[in-house]
């Protein structure tokens, strides 16, 4: 909707993250970190499958049609089913994925502040959007990784690469992930699916999507999964295309807005938007669309980004003399100390009132 | 199906070709080629819209559902409709597109051996597939373009860039456009749509696709166009997904093969494959699928590539002393003379016979 | 001495900065900033010649052999001589270079926080050293430049590119320009030339260098310039190679250290190094080299970097509604406020005491 | 003199070729080619040192000052000296370098049609000159290398990469290595050194260069080597700078031409240039320079390039079924058959006669 080049897929990302993991294992072994063949295989499977639980328009779907199924839980569930099929060969991968394998760094390579997941998606998203401020250098960062007491650390020569990476991630948040127009598109997609689920006389273009529209999903069951894995973008897209002509005015208005890329007005601000302002917009929206309830077209969200999540996932710098410093405590650091506080912004979208020509 | 990175779209290509056209106009003006504001606008619109007549899976569709509508004819038709909407502002663009505008080089920039269309798609396809042998340098080639007697020519310093471009294009044909697996996928897609159109108890997931399945399309009418422009990949994909369970065994087998990327055996050879071999494969296929007619699953095609189409679209090299040489006649040329002969190969796909375990 | 790839020259830089200036002029004109043909020519000549006063190993030479001649003064002097040769055609270039031309933005394009000089050398130095943390995107930054009241400003959509640029510059300072080993090499080069000038029985391999060794240079005269423009790296290098065998032990030790890349121990610290420590090192050096005065081999320097020099060269962000905010005052800014304070570090080099084998 | 970006050094090249060799060893081992630790070390040392015998302006020097010392012979001599210093640790490297080690592929990795030397310098020269037609992809080519019967071969999937590489090499020859202006500069450099050696009242700026000017060098002796390894570009350059004012008119004219980049007229033609034409130019040159013998300023050379040297260094393609085809015999080949014939051209340089204004 915003960056026309950004057509890369999760399949790319899974392959890319696996590729980076192979480099990480090779690097660590060259630094005399012992990694057994089983561990190597386990960490490869874990990263390859880490996102397998994402459905089409994943975060949106999670908030609407499959509220009870979180994508990480689905990933795990699918890995467990695969594990049965492969007679337990994924045991170690699952332990690493769940974070219960004793050698922590293997889990950290899959999920942490410096995991292969982030290294791949930041590089990839920066590349395909063309937002060069978000460009990072995964090869360089990986070449500075090391392991101390089974925990992932960064050799001191990599400190600036890490600082640059934390800043690049922040730039991606404000220029891409929370871009006001793509944020609005996501809001509308959420509203479309929510509305569709509310309606009783609704049908989608696929049996699988119909299943999720007409059932309340409370958790990841085998029945749910069976339908879930059949879903892809074309189910959602072809249904929304069809709903453009649905008699429910709310559904058809939202659907047409998305298909014709006729997005609402969007704003990002440093303060929460005013309730009375929102009420006015809601009333105006009802009038414009010709419905009683205008609330589907007005939406405020809080956006919070923590540039460096020191609490949950601290980054340690390792010096040649054996010292370990959390990055904000390192003598060389230039910017890390500025990156620990969360940044909050607010997003609002509403319908524009067309000015009448006199 | 073959190069997972190749997810770029025609929309990208249209923007890219426009971008190159802007560079070409700028370059030619710097070389004192007069181009009026109207001509500039015309050639920009012509290149921006040159592919607008492509539907989803364009070449496949043309051979199945919309036999009477060729994409260039549709492009022209849509441009004419836009021209009405814009009160004639596309007049010049249409003349350039049709090749009836007297200043030939403007048409050649849109459609010739060195047009902005090819420069963009070769670069783009090489980039997104990762096939570096096909990488070309559009900026460099454009910087060597010139105009003599209203015809497009290449300044002599650009001769090696042009030779390299002709060779790169050939590499793309043998490594990408005619890749044996993607060729097979295209054959199967054609067969799916052909079969679907033959069946009477068939329905697609969209009204638009249903229209083309149930009507014989002989030419580009306004009625046809109305449905045509509603089609996109999701109509085709969601329908094929649904057809996986259709009672017609031919349709469901082809559909499942595509959705599960379970492609047939593919071969490319220098000679035509033997008829008796094909008959055998056809009989085997009938058995494997459990149908009477196995011909849907066996397919031979002739592939012909002309590296440099000297007859229809000669490239002229311009020397500082004013001489013009067709490239194969240029004293500097290294490879062009080798590139004028068409290269013929043959593609065959058929179903593998599973070996029984004893 | 540190980054073997960094063999780019000032000639490259002058061409590159000119190239960026051409883009800047083109961009500004497209934004309806009027720039006359004379101004265009003036600003091109100014940037092309801005560094013409640099001699070989410029900053080192300025501190030793040509103390009275600052490179900016020499640049101006040479431009004035060229101006005579070209009958005044450089008048405007000289006004822009001196900062006395009334339209300030032209001078700012040559010399300011966002001038074409910096955009080129940061990009170039990052590229040739391979220090990707310092990579910037001059094209993107230039595309966001604008002019308000004849002052250079940045359109609001460019704010993150500018923040990234300020950070990248800082990374270059700590990873390249003030790299401890290259810093030491510069110290030694300074010491070699200082020592050579102190000696009376010295000769260099060129008449020009001999001139500067045997004369005290108090300002830029025509006589001085005549010799100055004959100097290049080969004069310095071939002389130092020869001095390796000079009877003066200080000179020959320093010369051999440089030619054999046998650099002293280097440290960078956040505090000033202790005087008594320095005295000890000086005494040890005297012993090691076998001379009375060890001070040539021990050197402390203060390094100060201002990431964003808000006082002398503030950056203004221009919003669509006409507002102008100095970047740290902009509502969008993420990092600028952190970049206004100078960062101080200290560099020390000294000779290592070889450990005796017992 | 022609491509200002081309400032890369042999030191870069040696490191780059070593880097590629490491990739090659890794690739071959992954394909189950056994390479012992000694062989690995040997092939690394061989490639790292393969060019160590090159002096400044190597090919020119070989034809003038050190006629009896060929650079490969010097490389070997220096490796043998190093081998003494390292107590025989270079034995295997020397065997590989000399081509007497039984496992041929190790020597082929150092010196053959597809050696790491060429892969590095073609990529590097293309990159630093900006001649994109010569760009190759060493990583891709290396990934397709394999070994059959201890000989280096190419897996069939790499055939187009190899064809592209052979063509790229040819483009480099005609656009860079035999560029008419750089060819002329090389001719002049040769003439300068030849003339300097002929003169008796000559001195260079270094003892080492003086040695080679006043002695006739018939082979690589330890005495010769002692001086040879002291030479670098600065000896040659600072001497030529000095010779600009030498009383010998031939020497000073040539020296000034080089220092001021005032190169002669250059032509490249498909036929040998006419003797009578050359005589005329020689007479004119004598007049222009004011000397009796004008032959120093007129020079014809034959240039011969074999795109693919099938005789001496055939490339074999290996198919999955075990077949080996020399590349021109491969069924897939597109261009190789066109690349076996040598291409001959002739270079001429002479002094331009200034036109008198009437």
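Just so it is clear, A, B, C and D label the chains in written order, and each chain counts residues from 1 on its own.
Here, contacts are C-beta pairs under 8 Å (C-beta built on N, C-alpha and C of every residue); 3 or more make two chains touch, one makes a residue touch a chain.
Quantities reported herein were computed from a predicted structural model and do not represent experimental measurements.
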* Using each chain's Cα centroid, which is most distant from the centroid of chain A? -> D
* Asked: Rounded to the nearest whole Å, what is the centre-to-centre distance of chain C and chain D, using the mean of the C-alpha atoms as each centre?
  -> 35
* Asked: For chain A and chain C, what's the span in angstrom between their mean Cα positions?
  -> 44
* To do: List the centre-to-centre spacing of chain A and chain D in whole Å, with centres computed as mean CA coordinates.
  => 53
* Structure fact -> Within chain A, the set of residues that touch 2 or more other chains is none
* Give every touching pair of chains, nothing left out. => A-B, A-C, B-D, C-D
* Structure fact -> Residue set of chain D touching chain B in the complex reads 132-133, 135, 137, 140, 160-161, 164, 167, 170-171, 174-175, 270, 331-332, 334-335, 338, 343
* Interface residues, chain C side, partner chain D - complex -> 4-5, 7-9, 11-12, 15, 205-207, 230, 232-235, 237-238, 241-242
